[in-house]
Each structure stands twice: as C-alpha cells, then as structure tokens.
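Some structures to go through are shown next.
Two complexes follow with chain A in common, the first pairing it with chain B and the second with chain C.
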Partner chain A sequence: MYLYVLQFSFLRIMSKRKAKEAHLPIGECIDQVHLILRKRFCHQQLPDKLEGVEAQHKHLVELLKRTAVHGESNSVLIVGPRGAGKTTLLRSVLRELSEVTEVQKNLLQVHLNGLLQTDDRIALKEITRQLHLENVVGDRVFGSFAENLAFLLDALKKGDRSSSRPVLFVLDEFDLFAHHKNQTLLYNLFDVSQSAQAPIAVVGLTCRLDVLELLEKRVKSRFSHRQIHLLSSLTFPQYVARVQTQLSLPDDFPDGKFVREWNAAVATLCEDKSVEDVLRRHFNSSKDFRSLHMLLMLCLSRVSVAKPVITPADLLDASRSCLADAQANMLHGLSILELCLIIAMKHLNDVYEGEPFNLQMVHNEFKKFLQRKSNSMYNFEQPVIMKAFEHLQQLELIQPADSSSAKTQREYQLMRLMLDHSQIMEALQKYPQCPTDLKQWATSAFA
Partner chain B sequence: MAGLLDQPGYDEESLRRVSEQLPCRELQAGMLLSLMGQPQQYCYPSLFIYGHRSSGKSHVVNVLMKELELPHTTVSCVECISAALLFEQVLLSFFGCDAAAQLPRSPSISDFVRIYRQQSSQFPAKQTRFIVMEKAELLRDADANLLPALLRLQELVDDNVSVVLLSEIVWDKFRPNTGCFEPLLLHFPDYSKGELQQILSKDCHPSYSAEFYSSYINILLGVFYTVCRDLRELRHLAALNFSKFCEPVAAGKAKETETHKLWKNIEPHLKKAMQTVYLREVSSLQWEQMEEHEAGALRGLSAHTHVELPYYSKFLLIAAYLASYNPARTDKRFFLKHHGKIKKTNFLKKNEKTSNHLLGPKPFPLDRLLAIFYSVVDSRVAPTASIFSQISSLVTLQLLTLVSHDDQLDTPKYKCAVSLDFISAISRTVNFDIVKYLYDFL
Partner chain C sequence: TPRHATPSIPNRAQPTRRPANVLEEARTRLHVSSVPESLPCREQEFQDIYSFVESKILDGTGGCMYISGVPGTGKTATVHEVMRCLQHAAAADEIPAFLFVEINGMKMTDPHQAYVQILQKLTGQKATADHAAALLEKRFSSPALRKETTVLLVDELDLLWTRKQNVMYNLFDWPTRRHARLVVLTIANTMDLPERIMINRVASRLGLTRMSFQPYTFKQLQQIITSRLNKVKAFEEDALQLVSRKVAALSGDARRCLDICRRATEICEHSAADPSAAGLVGMVHVMEALNEMFSSAYITAIKCASTQEQLFLRAVIAEFRRLGLEEATFQQVLVQHQALCRVEGLQPVSVSEGLAVCRRLGACRLLLLEPSRLGVLQRIRLNVSQDDVLFALKAD
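Showing the complex of A and B:
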C-alpha cells in the first residue's frame, strides 16, 4: 500500500514536470491567445494590478473602508475623461475590499447608471430592488422621495436596531443624474451622507470636469467636495510600456514555449521604429485605454494560425483604419454627377463666402461649366440633377440652412455644404478615373 | 488576417456557401468575421459598419448570421419607432416569449437591462449574441440615452453580446455631446465599375449567352454610371430594359454579336428610361406596357400637373407668376400703357445672384395679383366671385401657395409655385409671350 502511494506520487511529480513543458498544437495556442486577449480588450477584464493610479487607489480604499468598517458616511466623485479607467479603478478597489471579511459581511452595494435610470422614480425602484427590499416595501405609498429613502435605510437596520448596515451607492454617469428634476436623488443621498441617519458612501463617476457646476446650490453644499482625478500624466515611454503589457500573455498560459516566443516578439515589436511612429501618433491624439484597446483589437483580429504573431504592418494598417477620414471614404463612392454638384457648390461657397445656396443656384453654376465645355456628356435634365441633389442631402453632405422647409419649393430650399475645401480636393485626387476636366474645374472656377 | 475561408471555429462548408453568396465582398466579410472571432470568444461590444446604400452591408451581415447560425436578431430602426419594440424583439429572439412577456407596459431601458440580466444568468451565452440594427441613423432621433446605452450593452448586462450598427451616415455625426463608448468602425467601400459589371452579369437570362448579357450590361453602365452607382437601381433598370434589348435578336434583324446595331436600338430607349423610370415618374408596369404597345409620349407623374385650366385661371396663374418673379417697382413699366420716363440705371441694376429665378418666388398681396391680372387679360372682365373662387382652386391644386396666416382674411398673400417651363407651356396655349414681361430676361 505504502509502495503504491509512493509510486503514485512519483508519477504525479513526473507528470507535473512534463506539464511544465506541455505543448499545445498551434491552432489551440492561437485560440487561447484570442480568448485571453479578447477578454482583456473587449470585455474589460480587471487586470491583477493597476499601474499609475496607486495614490488614487489607496485614497479610495481608505475612504470606503471607513464607511464599511467604522460606519462613517462619505461622498466622493471620480472624475476623468472617457476611457481613463474610472470604472476599472472602482472595480479594483471593490475587489480589494471584498477580501476584508468584515467588509464582505456588512457592506451592501447599489449600482446605478445614469443611462439606465433616467428618472428618480426608476432609480428608487432600482435601489429597492438591489437592496432586496421589494417585499418589505410591498404596496406602500410614500409622500416624498426622502420618506421612501429613509424607510429603505431604516429597514436595513441590524437586529439590535443600533445602527443600519453601511450601503455603498455607485452612480455611473453621475452628470446625467444632475439633469433629473430638482436633483432629488442626489439631494437626498448627499443629505443622508451628511446627517447621521445611516452610514452610506456615495461614489459618483463622471467624464465631465465641470460636474460641480451642474449641481444645485443645496446639493453642492451637502457634497463633501472630495474629487479623485484620473487625468493621465503618462509619458511616451510609459505609453509604449503599457502597450507591451497589454499585448503580453500571462505566465499561466498552458504552453510555456509559445508564451516566451510571443512575449519576446511583442518586445521586439515595441522597439520597431515604424511602430514607434504609429504609437506616437496615437499618443498625441489620446492616451486613454479605450482607444488603445481598439487599436490592439484591430491588430489581434489579424493573428491567425497562418500568421501567429503581430507584425509592424498589422499595427500600421490598424492605425490607418482607426485614423481614416470617414467622410473621404464616402466621397469616394459618389457618382460623377454628384461630384460635379459638389464642385459647383464649392465654387458658390468661394464666391459668396459661405452663404447658403439652393438647387437652382447650383444648377446654374453647373450650366456655366457645361457651356465652356463642348461635349454634352453631363447634360442632364433638371429632375435628374434634383435626384442627385437629394441623394447628397440624404448622405448629410448638405444640410438645410434653416428649418422652414414647409412653405418653400424643394428646388429653392437653402442648404449648406458640410465639407470643406481640403476634403473636396483630396477626394478628387483619390476618386477613381476622375475626368481631367472635372479636376481642372475644381481648381479654378473658370477652367 | 485569415481569408474568409480560413476562419477557425466555423464549419468549412458553411464558409464556402457564404463566400459564394458574397461576390466582391470577400475581403469585408473576412474582416468582419475575424473581428467577430470564434463564437465562444468575446467580440468588441459595438461595431459600426458604414458605406453607401446597396454596398452590401445588410446582405453580408445577414448572410453571415444565417449561414453560420449565430444567435442574432436583426432590427430595422425604421420599424422600431419606440424603444419598447426594440426591447421586446431582442428579448424574444434571445430568450423566448416568456422573457418578452415580463416587460412591463412602456418599459424603460432599466427594465430591459434588468430582465436581460436575469435571463442571461439563467441562460448564459455560449456563443456571441449579435444585435444588428439597420438604418441606425434613426437612433439619433430616439431618446438621448438609448444610443450610448446600446453601445455599451455588453458591459451593462455582463453577457457576451455585441451590437452591430449599419448606416450610410458617418460616425462623426452620431457622437453625443459628452462622448460615449466608441464602436469599432468598419467601412464597406463602394463597388468599382468592374465589380458592378461582374455582379450585374450574374443575373443573366438562361436563353441568352453570358457574353451577350455582359455586353448589354456594358451599354447600360455606359449610360447610367455617371448618374447612378446604386446596385439596386441598376439591377432594376437592367431587368426592365433587357427585353427591349433582345427585340432585334428575337425578331431576327440582328445577330448577338452585332453590338453596334443593338446599341443604336437600345440607346434612345435607355435615355428615355433615365427621364422616367429612373426618376419614378412612371411605374415599372407602365414602362413595360409602353414597350409592348409603343404608345406615343409617356405621361409621367409631373405631367399630371398639366391639368386643363379654364381660360381665366390660366391668366390668373400667369399674373401670379409675374407677380412672384418681378420686383414690385417694375410693375409700372410692364403693365401700364403710358409709363413715362423711368431712369434706366436704377432699373437695370441687376446682380446675378439676386436673379429671382435663382432665389425663388416672392410673396405678393392679392391686390397686386388682381392689378396685374386686369392688365394682362385682353378682354374686359368683371371682378365677380367666380374669379376669386378660381384663385382658391389654384391654391388647392398647389399651383399657388398661401403664405399669410389663415386668420388674415383681408390681405392674403400668395406665392406662385410653378416652374418656368410649366408657365411657358401654359402661356403658349393662350398666345401670351411671358418672357417679354419677365424682369430677369430683359
């Protein structure tokens, strides 16, 4: 029996050693890579450690611990541009707190979102639901919001009725709550956090730096004016390092050799000169996580069994499609008649300095061009030109200058062109088989 | 990036069927599929596909969803005029009618997310679920919070769901003021002339050879390509005019290879089509009947406004046109028998931009209309009620527009709503030379 156990444990040690150098076929490796990286880029999986926000992290943990453990009410706003990592910061803080048993036992959480709870009434129903108090409330009718909230918090009192359980209110898209009528929800939450009714913590997340301007005076006075800013002060080398960490695979990947090769390839990628130029362009436009994830997602979509690495060409292509001018892409697909109309509009804009025009004026300008040219290739009837004009309106390349469309005939309605000079000239350069007389007409009105 | 046929995780046979149904769109379909990834992996929460109409956006997405049997729901924003319809349809497709029945009356998006979360915790997604929204530009007119919420639906419901928006308007015009979750943009470029030819040639008629049909398509594109590059319109025109093209061959007057003769036969026909069927002035049925009976002139929809007017109504209309397009100070010169000396310089100062025929008709009071009418009509006519009732019927026919408020009964103001061609045709019938009386043509 003893020998059997020894043999068994020996075999286990052997298999463990073998497992360290396990090799998966390349197809499965790529699948695993996609699985892991897609969770990271698309599903915003919480990383193990957040970088660059240690101070803010510590501050928030302290604050929430005080509420959860010591029953102290608090309110704080986390402010930062879109994609800066506000929700990630909060989730990481909550994860850390849940490891403290006292917090895990006591703290109740209510998560509200300004996009979903568009009304204070809906918000109150959601709070009731998330605190699991629907049965307690039943069919009771309350006189005011404050009464309802007080009742809910009262119902959370512990058995010995000494104090209520601490509640954490997370308000995502906080600035949208400020647009509700009278800001009732905000007023009451902050009121409770200032008075000694029940220990609550109110954490608001918003992308507006001027969020305090949106609050009414009575709401603002009850707010603790505590703000945590996530304005990224990243330098370019830190940004490149972040790209490298985002693309690297974790060590617990099943195939050790593949992971080493992959991570080495990622490191060489980040040192490549052309990649550096691309990353610098993106760094200069926005440093946040979301645009980075979009870029890396486009690169990831090109990783396959046939090409199991990310090459600099991938990054260049991804960058090009991220930064492409969408309007120029649409101009590429216009018919020649529509292009002629746009050139005519451009000339009208040049001569009359941006004043609105109508179809008759555009047609007139077009006719002047046709008179100069001998061939009648573009000699179309007015209704055909009207149809092309309407197509441009549907694409929103031209928009009505004012909204009085009821009483004027269609051909006399004033419009404005939503493209500028350089976009039109660039589109003409890229247009497939653009006739030369059109190009000449575009450069000079008298060609 | 793997080609369309090499995507892992999907059945090869289905991928082959997909690529057969998507000519000239293999590249875009491959890109879309590589972004979607394998069904059990996560996809980016929102994708925005933009491109001209008939560039294959809905077609590619629908073919991919159907052939690869992915759990999806296609919503046209034209049909879903209220958010409740959208919520119901999504819950019905993903979780069945029990889930859809749980939605309260006039549900808010909060109810929708709550019910979705409940259902997805019971039935978690084993494959990515897709919500495809066509004509997504109409979402901008819905509630302000609907579009941002849909873009981050994956995060809000914590499920493997992805929203695909299809539109012909670019994303820059969608973005809300305070920003939102940016979707991944994917562009479907327009078809080139060669690709259009390739796709249109697939509709070839079985009783004729493929080269014959492609020469027909060549001629059709030669006439219509400068004006229209919309695949659907071109297919419609090709289908309508093919029988006319085959007429000489069927009658034995020409052989299939004599392209010049066939071209001479069909070209005037196609030019007429551009003025009628292309503009939807006549229906396709009328067009086909016309081909069979070789009737004379085809009366289009705009031709129906050439109603036969009574004699005095025609003069009233002419007077209204003159009142709209001539400035008031020039009336003396045109309509008085002895207008005396008028300073030429002030009178003839015209800026091309202020030509009234470019700016549109101007409103005029009823008195001015009657004054011009009496000077233009050659016989003596009494101001009876029948004259005034004719003015009202002209307004009903929408040849005149009432500009003043309905309450103003004593000095109503009108505008003339007809074009120069129309009024020239009318004045010809009464032997009146209108161009002589128009200020812009002096």
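Showing the complex of A and C:
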C-alpha cells in the first residue's frame, strides 16, 4: 500500500510537469489499472452517480434533508436483497447531503450495525460514544446500562425541534435489532421520532422483506411505515453496459494512449459472443453486483505486464471457477475405497428411498459388489473401511441422521448421504483414472 | 459520571427553516409529534379520567385505574391532556396541588428500575433498585403532616411483569395505604391483561376501574386530521375521506393516518412541476401513498428476481403439487429445477449454484429454510402463498 501511495504521488508530479500525453512504462500502467479497478471491486468505491435508483435516491435525500433543515423527525427502512446496493445508496445520499452547508454543520450521525451491537447494552454505549454525551470520557462510557438509557433519553428529551442538532441513526442489519430483548432500543428511537423531542431520523437497512412482521405491535405503530425498496429491474443489455463501465478506466488516467487501448479492448470484450454467453449465465443466476464484482476481480487478477488486456478466455476461466460445484470437486480428491463406499450409499438410497443407513449396511452392499466381481483388489479389512467411513463423515459428505451420536456404537449409527446423485455420477466421469468396473457398478446395481 | 450532569444534545449551528408553502405548513401540523391543543373524539374518555383523578385529589385518597387499547388510539395523549388541565386547575387554586410522575415500562432496562425512576422523579435522589423500593415504601406508608397527592402514570404496564410480580404488587398496593395519597394510572394494550398475567392478589389490588379506548372510526380520523390542519387548506375532502376510511378499515391507528397524509403531501410536492405552485393533495397522491405503505413487496420482489430464482420458485411449487405437501427438501426441488432449466433451454444448474439461489431467496424470506449446514437435505417452505407466486410469475 505504501508503495502505491509513493507511486501515486510520483505520478501526479509527473503529470504536472509533462504534457497530458505522457507515456508511462507498461509496468506502471498495469499497477495503476490494478489500483483503480481493485478499489472499485473490493473496496466498494462509490461511483459518481448511481444508476437505476433515481427515485429512491431522491426520496431519501428529501427525507434526510427535511430532518436536517426543518428538524422534522422521520423513520425509514431500506429493504432489498443482499448486494442490491443499500449501503451504497445511503452513502451516496450522505455524500450529496454533505455538500449542503446547513446539513454539514448541523447533522450528527450515529452508525450502528446489528452484527456488532448484538444487544441493547452495547448499542447504547456506542450511541452515547458517537454522540459525545457528557458521560463519555475519552472512549469510555460511564454508568450502568439503566443509567445510560436514562441519560440518553433525557438528552433527547431536553432537545427540541428548532434548537437542537438533528441526529441521524443508521441501523445496518436492522432485522437483528428486532431480536433484542423487548426491542427497547427500537421502541425508544421510534418513540423519539414520533414525539416532540430532539429531531432524529432513523434509517434501517435490511434484506428481509418481512421485517415489519418482526416488530412488536407498539414498536410497529411508532414506525412511520416508509419503506424504500431496492429491487432491481435490470435488463441484460444494462448488465453488460455495467460490466463495461466497471472495467473501463477513467479519463484522468496518466497515460492517454494506454487508456484508449484498454477501453477499446474492454469494448470489444463486451461484444464478444462467448463473453456474452458467460455474462448471460451469471445474469440469469443473480442480478446482484457483488457477485459480478467477484467475477471481474478474478479476471483482473490475470492481467499482468506480459498480458496487459483481459481476454474472453480469462472471463471463461473466472466464470468456471465461480460456478464450480464444491462438493463434486471434493469427490475428486477421495480414495477409491471411499468412492466405493459412496457408490454403495447411493445404491442404498435408491433401494430404500432415502432411508438412513449405517456402516454395516454400506459394508454389506460393498461386499455384494466384491462377490460379483470376484475381484480381490478392493478386499479391505473392516477397520480400514471404518476409517474411510469416518473420513467421509469428517468431510461432512455424510451426516448423522439424529444428533444422539454418543449413545450408539459407531457401526450402527444411522447416517444420511449429503450428496445428490447427479454429483456422484459427474464426479465419477471426471475422476482421474477411475476403474471401469466402478463406473459400471455406479450406473447399475447389478454390474 | 459527573455528579450533576445535564444531559443534552448540542445546539444547532444554523437555525431551522420556517415552512415555506402550504404543503410544508401542513406537513408540520400533521407530524405525529405536534400534539394539538385539544384532542378531538376523546371527550368522553377525557372526562372520565379527569373526574376520576380530580375526585381522588379532592378527597385526598388514592386509587388505581387501568386503561387499555390498541396502539395509536390516543391513550397516552389523553392522560397527558388530563394532567395538563389538572395542573392548570391546581395553578389556579381550584384544586389542591399535586405531583405528577410518569414512567414507561419500555424506557427502562429492567422492571425493578421502576423504583429508581419513581424515586428520582419524586425527590431527585439516586439509589439502587432495592434501596429505592425501601425508601418509597417508607414514603407511602408513613403519615406526614403536609402531604400532597401523587399521580403516577405507568405506561406499557405489561413490561413490568416479573416472576414474583412484586413490582406490580407494590405499585397497586401503595395506593391502598391510608396515608399514601397515590393515584396510579396504568396503560397497556390488551384489555384482559389483569386476568391473563396477574396473580390474584395483584389483580384484586388493581381493582375494577377500567377503561378501554376503541379504535378510531373513519369519521373520527377525519375529524382528527381536519382539526390538526386547522384551516390550512392542503387536502381535497375526498382524499381525506379515503385515507381515514382505509386506515379505519385496517387498524384505526391515528399515527398511521397522519403518516400517510404526510407522505401524500410529499408525493404531491414532488409530482408538481413547480414545487412552490403545487396544488391541493388529491386522490392520486393519496392513493400512491396508501399503496406505498400498505402493499407488500413480495410480488415485486419475485418479479424482479433473476431467471434462476424465478425458476426455483416454480420448481418449489411444482414439487409441492407433486407431493401434496407444503414442504419439500432441496434435493427434491432441485430435480424439478433442473427439469425446468432443460425445458427453458438453459444450462442445468449445479448443486452449489442451486444452493446459492435457494439461500438468496431464503435471505430475503421468500422461502423459509432450515440451517444451511444440512446441505441438500434442508427442507424448504414458502413464506408467501402459492397464488401470489404464480400471479407474480405469470404477470409478465
């Protein structure tokens, strides 16, 4: 990171000194590309303008502005699936608001997260700390939980609409706050927002569509029932356009020639037929941008000095590793004996229609196979088979059917297979040097 | 903590703006926090509570009253109104002076904190819960020469429930003491709370003075809005009637009614080309606000889901139909899903991908899932009705 910073300042000096059309060594260009694009994909850098959420953006800006400027208390929930850009929307709104002087000078912000503030006691301490109330010295909050609550409520009650500074409460992972005891924090925040006290705005972010059903009746009555839904009605051409803008370099890149070449390469990449197929597959699977960023990040990591462009083959590879089936991959790493046991379990599942099985049953099934083949190649002793069975259990390819595992002996403990049949068959096809008789046994029980 | 800290929020650097036009003025008046001078539609309840408290103050005796009603029907506001009137009367020397103390079950961390808060509000003294209970006990049971009546308002009474119910017992037992001169007004949501959660000796001390607040009818809601607007002409008559009828049909919650009206003024302001010349709030705006607040997002969410997610929902329903149950394992659904993929001409999904799709639907609660460590054996249920899913999938 330090190196990058050095480089960056160095580049700036360079660009000041020279004309705009400076040529940088290819290595530095590639470093810059990585720096800029990684910021976009991994650090969720805010784009200059959000696309497709103009109405929601305007609603939220107006709402928060009224709190900051007119001192009107409000509460709102932003609801949308994971990766739909809820936090990005809020950050962009706050960035826009910070340009209004009245807002910038007045608005106090308190950010809470349901994953960090797991109960009201911690949340309350965090609120008092972020508000710099009087019982805070340095970073420590004094007083018991009850005193903290009384103190905070007193502070908010003393305030009034026209004189005290408005406070913005952002509750990330809002649904987790609804699981706190009695929902005390939510009740109090909403109650303040519905009574003539210090002006506050409560903004909750959640991915659960049924979040209102989690609230208690009195809490729900105090909530203003404003919900901003972030449900993308994105079409495929827009998705591809998004890929292109995400990969394109900005105009203020130091090397003009490199930018033109790179952006042209990205444009041709997006028109490529095979790339379109890959993107359509991802688009069909999910519309959220986080998985798209993951895909593009995998492509970007292949860009180097030796290969300074993204090729369609990169995207295909990246997509393959994104879509790979995890359990089928695990099957490739098993020994032949373990694979035999899995095939035996598959047959047991077929015959007994998904009833749980134990080691003895699996071993019997395996023995039947051995007898038919009269092949002593796989003739293992019982302890070895037991070991293999336990290994499968450790990999969680099989799981105990009931949790009372300690009581029964291991040989007779009932287990369930955690694999789908299609996964087993596919893994057998791809297994390196799989014996033919195994494959035959897998396809039919009477090989 | 500093001994005499004065909790406060810092003052504004820049003053608030005044409402610039009619709609903004209306919005300020419609905000739930701006309590009006008089509460319309609760005259009878106001009168009852007023005469109850007044008679106790005049007689110098004590008593309890239990007030119930669903949220947003004006219970707390009415009691506050009564207290304000009584304090005016006391200031005018029509009745003896009295003390008013208010606690709220939701605003304390533990039921025993009630003692601490009552003591602090009565005397300004800080004490632990046990000590405060002892001090209050002494105060209410010992005779004193000059003693004024105390009116104690306990909001959200059900939160004060403890296993032994000693907090509730004390609260209702103090008024029965000879020298206490304590009037306790309790507020909760459910009508049968004393019968349901209180043991006999607590319920008996609470007594039978009860009052229930009925949900507002549409005429009352309309009157509430009109009185709040107080001659500010911002709404069409029909629009107001629509809001009040809708809310009265659903819950009769005045808070909801005011919130919808406020949202409608915003919509009106945004839809007008020139914000300063926005006209009256009409039917269209109110309809939009009602839709925003009452419609469920499930159907839109299904419509906006990706192709595979929609196919998965279809597969879930297909599997339910096949089984005749409302529950299926992921493995069973996956078979249907892959068949559907082939029908649609898409590449069949792998198990990992299918699980990811399933988890995404589970995260936004369109599906109800078992913990994901059960893998392909986890059971799936729908959180929406099948008809809703089919409607959403068919519409496009």
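One rule holds for everything that comes next: the second predicted complex is superposed on the first by the 400 of 447 C-alpha atoms of A that agree within 3 Å, B and C clash if a C-alpha of one lies under 4 Å from a C-alpha of the other, contacts with A are read in each partner's own complex, and residues count from 1 in each chain.
Note that in this section a contact is a pair of C-beta atoms (placed from the backbone, for glycine too) under 8 Å apart; a residue touches a chain by one contact, two chains touch by 3 or more.
If you're wondering where the values come from, they're calculated on a predicted model, not measured in any experiment.
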Chain B versus chain C as contact partner of A:S164, first or second or both or neither: second
Chain B versus chain C as contact partner of A:P383, first or second or both or neither: first
Which superposed partner A:D119 touches (first chain B, second chain C, both, neither): first
Which of chain B and chain C A:A324 touches, first, second, both or neither: both
Which superposed partner A:Y352 touches (first chain B, second chain C, both, neither): first
First, second, both or neither for A:R82, with chain B first and chain C second: both
Which superposed partner A:Q360 touches (first chain B, second chain C, both, neither): first
Touching partner for A:E134 - first (chain B), second (chain C), both, neither: second
Which of chain B and chain C A:R208 touches, first, second, both or neither: both
Common interface residues of chain A - those touching chain B in one complex and chain C in the other: 81-82, 207-208, 324, 326-327, 396
Chain C - residues contacting chain A, complex: 1-2, 5-17, 19, 24, 27-28, 31-35, 70-72, 106-110, 113, 116-117, 156, 159, 189, 253, 255-256, 259, 262-263, 266, 270, 292-293, 296-298, 300-301, 303-309, 331, 334, 338, 346-347, 349-353, 356-357, 360, 363-366, 373-377, 383
Chain B contact footprint on chain A (complex, rising order): 27, 30-31, 34-35, 38-39, 41-44, 81-82, 113-119, 122, 125-126, 129, 175-176, 207-208, 290-291, 294, 297-298, 301-302, 304-307, 321-322, 324, 326-327, 329-330, 332-337, 352, 358, 360-361, 364, 377-378, 380-381, 383-384, 387-388, 394-396, 407-409, 411-412, 432-433
Contact footprint of chain A on chain B as seen in their complex: 1-2, 6, 8-9, 31, 34-35, 37-38, 40-45, 50-52, 55, 108-110, 113-114, 143, 145, 148-149, 152, 154-156, 168-173, 178-182, 184-185, 187, 189-190, 192-193, 225-229, 274-275, 278-279, 281, 302, 353, 357-361, 401, 403, 415, 417
Of all residues in chain A, those that touch chain C in their complex: 58, 62, 69-73, 79, 81-82, 101-102, 105-106, 108, 120-121, 131, 133-135, 142-143, 145-147, 149-156, 158-159, 161-167, 182, 184, 187-188, 191, 194-198, 207-210, 217-218, 220-222, 224-227, 229, 231-233, 281, 283-288, 323-328, 396, 399, 416, 418-420, 422-423
